[in-house]
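There are two complexes below, and they share chain A, which is joined by chain B in the first and by chain C in the second.
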Partner chain A sequence: MIRNARKDTLIAYVLIAPFVAIYGLIFVYPTIDMFILSFQDAPLITFGPQTPEWTGLDNYTRLPDDRRFGTAFWNTAYFVLLTVVPGTLVALAIAMGITRLSGRLQALVLALFFLPYILPVSVVYRIWDWTLNFQFGIAMHLFDVLGIDRVPIFKTSTWFMPAVAFVTIWWTCGFSILLFLAGLRAIPTEIYEAAELDNAGRWTVFRKLTWPLLWPITALVLTIQLILQLKIFDQVYLFSIGGRPNDNLVMVYYIYQRAFQNDDGGRAAAIAVVLFLIVIVVSVLNFQLLRLAERKT
Partner chain B sequence: MTSANARRFNIGGAIITIITVIAAVLWAFPIYWGIVSSFKLEDEVVRPYIELWPETPTLRHYWFALTQTQIGSWYLNSVATALGVTVLTVSTSLLVGYAISQLRFPGRRPLWWLILASFMVPTQVLIINHFVLIANMGLLNTWAGIILPQLIHPVVIIVYKQFFDQVPREFREAAVMDNASEFRILTKVYIPMNWGVTTALSIVTFIWAWNAFLWPFLAVTRTEMMTITVGITQVSDAFGVYYARQLASAVLAGFPVALAYLLFQRRVTQAITLSAGIKG
Partner chain C sequence: MAEIALQNVSKSFGAVEVIKDISLKVEQGEFVVFLGPSGSGKSTLLRMIAGLESIDRGKLLIGGRECQDLAPGQRDVAMVFQNYALYPHMTVRENMAFGLRNVGMNEKDIAERVADAGRILEMDALLDRRPSQLSGGQRQRVAIGRAIVKEPAAFLFDEPLSNLDAALRVRTRVELAQLHQRIAATMIYVTHDQTEAMTLADRIVILNDCRIEQIGTPMEVYTYPASRFVAGFVGSPGMNFLKAEVTTSGKEAVATLGDGSRVEMTVTIPDSGAYELGIRPEAVHVTAEEGDTTGEATVVEHLGDRTLVYARLGDGTEVIALDGGRSQVAPGDTVALRFDTSQLHLFDSAGHAYHAD
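Now for the complex of A and B:
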């Protein structure tokens, strides 16, 4: 076996070579480059002949007074608030409903709930832009029935975020439902049979058995959702077309705007670094919390 | 007492089942509504009352999309780039997963840390530097330029590693006894034993790549090079809005992935639960 150690190493390097080359080029290098760029004054699209200028911490010190950065930051926080916990609870409720069914009916119901997750964001955008259309949207009939005045939902800043959050939950819920279903399936049925013998009510069974047993999955879903929603861009960008992008900015959208519309690579990179740090901190904290939760159960 | 209780339980259960089924139908209704509207005439679509079925079903919007727009090129671009991303991601991840799982070599730990690190770094923050990189390489508006930055899928490596870890050691030892090369062991034992995972991971990687929006949106400025996911949002009619027409192109964009899901439902479900670190 020892004789093979050198051969093993050689083989391993051959196997990992393509991966290392790709990751070096599109992951390691761009990440380092992002930090460097954030300390420079560098136009992005109009490549000039001059070398980029070093500006120290300027790109960062300007952020607190940047009104658009404030909007982007708070909108992202608002969006996270509107999607993470509500989305998780909706998914849990749906999974509880699906898990009771069996056979073909279960497969069909699951497929109906899961289908949106599989669709491209631009298709989701077209579907909901049509469904919620101010003049011809079918959802507006519901508004009429309920006696609410019709509103051009994606053109008003009050409705915009909640509506996009709603569409996002509809779109991404399928993923969380699958995780919850896997979790529910892992709970042994004997536990429920014992509860039935004790004449425990439905709500009691859920509160005392299902919820605590499912908690590790719930924590996982919350973590995945939180990190996912911090990085939101696509839906906000699409629904802002023809609307008020400056009121609807979220972090990634602002990076895009600074870099590609204002041609300001340095300042855009500084915002990217801030989001990068937020996501890393949240991931690490979550990871620790998950480990704690696992130790408890 | 007990039987009365059981009956209460069943009635409650039946109500929950009915609610679930109704909710499922309502949940998917907007998709149905989008599809149905795409088969209506433009003046039928804007009628002020609800028609759940087109009065005169028509394919004219599909005909228009297929003949008067660049949707054909967009389809080709989407197929080519999604396949490229899938093949490259799955093959490189398989090799790395195998090396990390089965071989001991200097640098194995740093490699593992790199993979876990890329798990945490949101690729969205790298868009500026990806753009500069791809522009400097002269790859904007090319398939290669669309594919390259989409190759960060550490989860595929992690799943492969887990599955290779579970292959019993005896298989490996027997093969080593027979003087089989590492390459043979990989292609004759480890890959065939995990075809299911490879299929599942390939399907979801393809779906992810087909659905990718942000990077393909940035990497392409020429309309004929767009992927369909981006294309249908970027090109609109200069004269007024044609809702049915827009919906028809959306149906065309969503059809391949929806079909892939319906055909390989079990595999997709498996790959997605695996990607979250849960054994499905």
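Now for the complex of A and C:
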């Protein structure tokens, strides 16, 4: 059969058109508009026809001297430090444990570890507020029993980020565990049997076989975690209620404050662009570095 | 180099017994093949020797040392796996050195041994490649090299050729035979391929249903199979089996086949009665004279040096006969078949074999 190439092309375009239209409308257009907005002094919500005022790079040049931006930036960096690598290692350790189990017990334990991942953030907040609340938290009763002074965990800046990081790891590591488990299962058992005959102890097996063979998965988990944790917002927002939001600011929270509380669309857009660039640069850099490390081993 | 002895060894997986009270001795420097169909327990038995499966009851002695409770690495054996089980992220050199480094051998000795193994297996040029850059046959060599460098008391092979293509399988088989002659090590080799078993083995251990059916040299197993199972499993094309009523008096016996023809033979059997008569194709001759029976040729396979004639007897039994390379038999011909009565076997209902003289 001779196919009509032009007709085929036309059909192809028609078929992808709905996706392109929706993608353009709800992703490409807003992204471009955000870039434009970041060069203007404009409110997020305008009433009636208004001409936004072009301010050039003003929104960007103000950032280095913006105290709240500084707080948000360093808090985000601190949070990434507290979650990405520790979360990945915890997930790996748990996956290594689960993989030793067999049959239904394995499925059950995996389900238990995965359960937090399916919870919405509001429920996660509720659970940990009940646990760590200064006045009613279950953990505080435990502190009382043990004779330790109660700590207002979510009200002090020392404890706030580590606590939110801990909750975040608890909440999100189920997915990383799943990835690691898939990676571990892809390593043939015969390799471990060969290692047994090769007199390799447990630690040698982990260091020389499991770790290098699992490295592509580890790199993937690290990158996913990095992107996810740079965008931290919900947990910080919820746990800050009644606390000290301005000390606990993170990047997305600050964007939210600027855009929706101060109605300052231009400056919010500038911060969003900065975060966008950070995410892209850091994740691309991260993935490339990890691949380089893989080639060396 | 060492001898290996299994004494009344048993194993179960849960309620299923997979090895039933097996005793066996492999002499120093001997090449023993475990042959059997899948599920016969041959791989499990090998893995029990390696230490990858536990031994529930009985003893395992390697070089006189009791090993049944030792870890795999302490048994001084090396294993070549069916899928090679090379470490994919290490070079060939590192693959071979891994086991030696783990026992703390110094780097100079390691380098020497790896170089020696590279020379023996003719893969000096491949030492710095990764397994993914090697062909199937080369990977197989690396797996063997990884075993050689350990200079173990015994080599264990778990169906090492089954992942290779037919031509490479034949070549590697010959190389394995040469390797065994050169290093004269004790080797145990598991396979379901009876050609590999016949060509490689000093002795074949035939396993069926978790038990040993027969132990013997390839020719013993082929010529004097101990049971109906061994007779059917060894040899290609397989032995012909015909239902027969046998009457015996002293050392003489007369078998009446399904189509009424009678075959006389010299054999000692306990009783007259129903037996299965077994005869290999090469002992069934197509003859121009009067034979023991006649059949109709249904299929004729010309193999060049010989011809296989599939003949259907009067009662419908199929018999494969071997004829010369220039056989004139055509499908549909009626052929006279003569049995070489010195190569007859009788099997009783329990599968026990009686061989004709």
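Quick note on the criterion: the second predicted complex is superposed on the first by the 270 of 297 C-alpha atoms of A that agree within 3 Å, B and C clash if a C-alpha of one lies under 4 Å from a C-alpha of the other, contacts with A are read in each partner's own complex, and residues count from 1 in each chain.
Here is the rule we use: a residue touches a chain if its C-beta (ideal position, glycine included) is under 8 Å from a C-beta of that chain, and two chains touch if they have at least 3 such contacts.
From a predicted model like this one, the values you see are computed outputs, not experimental measurements.
Participant: By the touch definition at the top of the document, which applies to A:27: first (chain B), second (chain C), both, or neither?
Facilitator: Once the two structures are laid over each other on A, A:27 reaches chain B alone.
Participant: First (chain B), second (chain C), both or neither: which does A:190 touch?
Facilitator: second
Participant: Return first, second, both or neither, reflecting whether A:54 touches chain B, chain C, both chains, or no partner chain.
Facilitator: neither
Participant: Going by the contact rule set out at the top, does A:74 touch chain B (first), chain C (second), both, or neither?
Facilitator: In the superposition, A:74 touches no partner, neither chain B nor chain C.
Participant: In the three-chain superposition, say which chain, chain B or chain C, touches more residues of chain A.
Facilitator: Tallying touched residues of chain A, the top partner is B.
Participant: After the superposition on A, what does A:134 contact: first (chain B), second (chain C), both or neither?
Facilitator: It touches nothing on chain B or chain C.
Participant: Examine A:109 and indicate which partner it touches, taking first as chain B and second as chain C; both and neither are also allowed.
Facilitator: The first partner, chain B, only.
Participant: Which of the two partners, first being chain B and second being chain C, lies in contact with A:256: first, second, both, or neither?
Facilitator: Only chain B is touched by A:256; chain C is not.
Participant: Jot down the residues of chain A that show up as touching in both complexes, chain B in one and chain C in the other.
Facilitator: Looking at chain A, the two contact sets intersect at 199.
Participant: Which residues of chain B touch chain A once you look at their complex with the stated criterion?
Facilitator: Its residues touching chain A are 2, 5, 9, 12-13, 16-17, 19-21, 23-25, 27-28, 30-31, 33-34, 37, 45-46, 48, 50, 88, 91-93, 95-96, 98-99, 103-106, 108, 111, 114, 118, 120-122, 124-133, 135, 148-149, 151-152, 157, 182, 207, 210-211, 213-214, 218, 228-230, 232-233, 243, 246-247, 250-251, 253-254, 257-258, 260-262, 265, 268-269, 272-273, 276-280.
Participant: Would you mind writing out the residues of chain C in touch with chain A in their complex?
Facilitator: These residues of chain C touch chain A: 50-52, 71-74, 77-79, 81-83, 85-89, 98-99, 102-103, 146.
Participant: Chain B touches which residues of chain A in the complex?
Facilitator: 5, 8-9, 11-13, 15-16, 18-20, 22-23, 25-31, 33-34, 37, 44, 47, 94, 97-98, 100-101, 105, 107-109, 111-116, 118-123, 125-128, 130-131, 133, 135-136, 138, 141, 170, 175, 178-179, 182-183, 199, 202, 217, 220, 224, 227, 230-231, 233-234, 238, 241, 252, 255-256, 259-260, 265, 268-269, 272-273, 275-276, 279-280, 283-284
Participant: Considering only the defined contacts, which chain A positions touch chain C in the complex?
Facilitator: Within the complex, chain A contacts chain C at residues 188, 190-191, 193-201, 204, 208-209, 212-213, 297.
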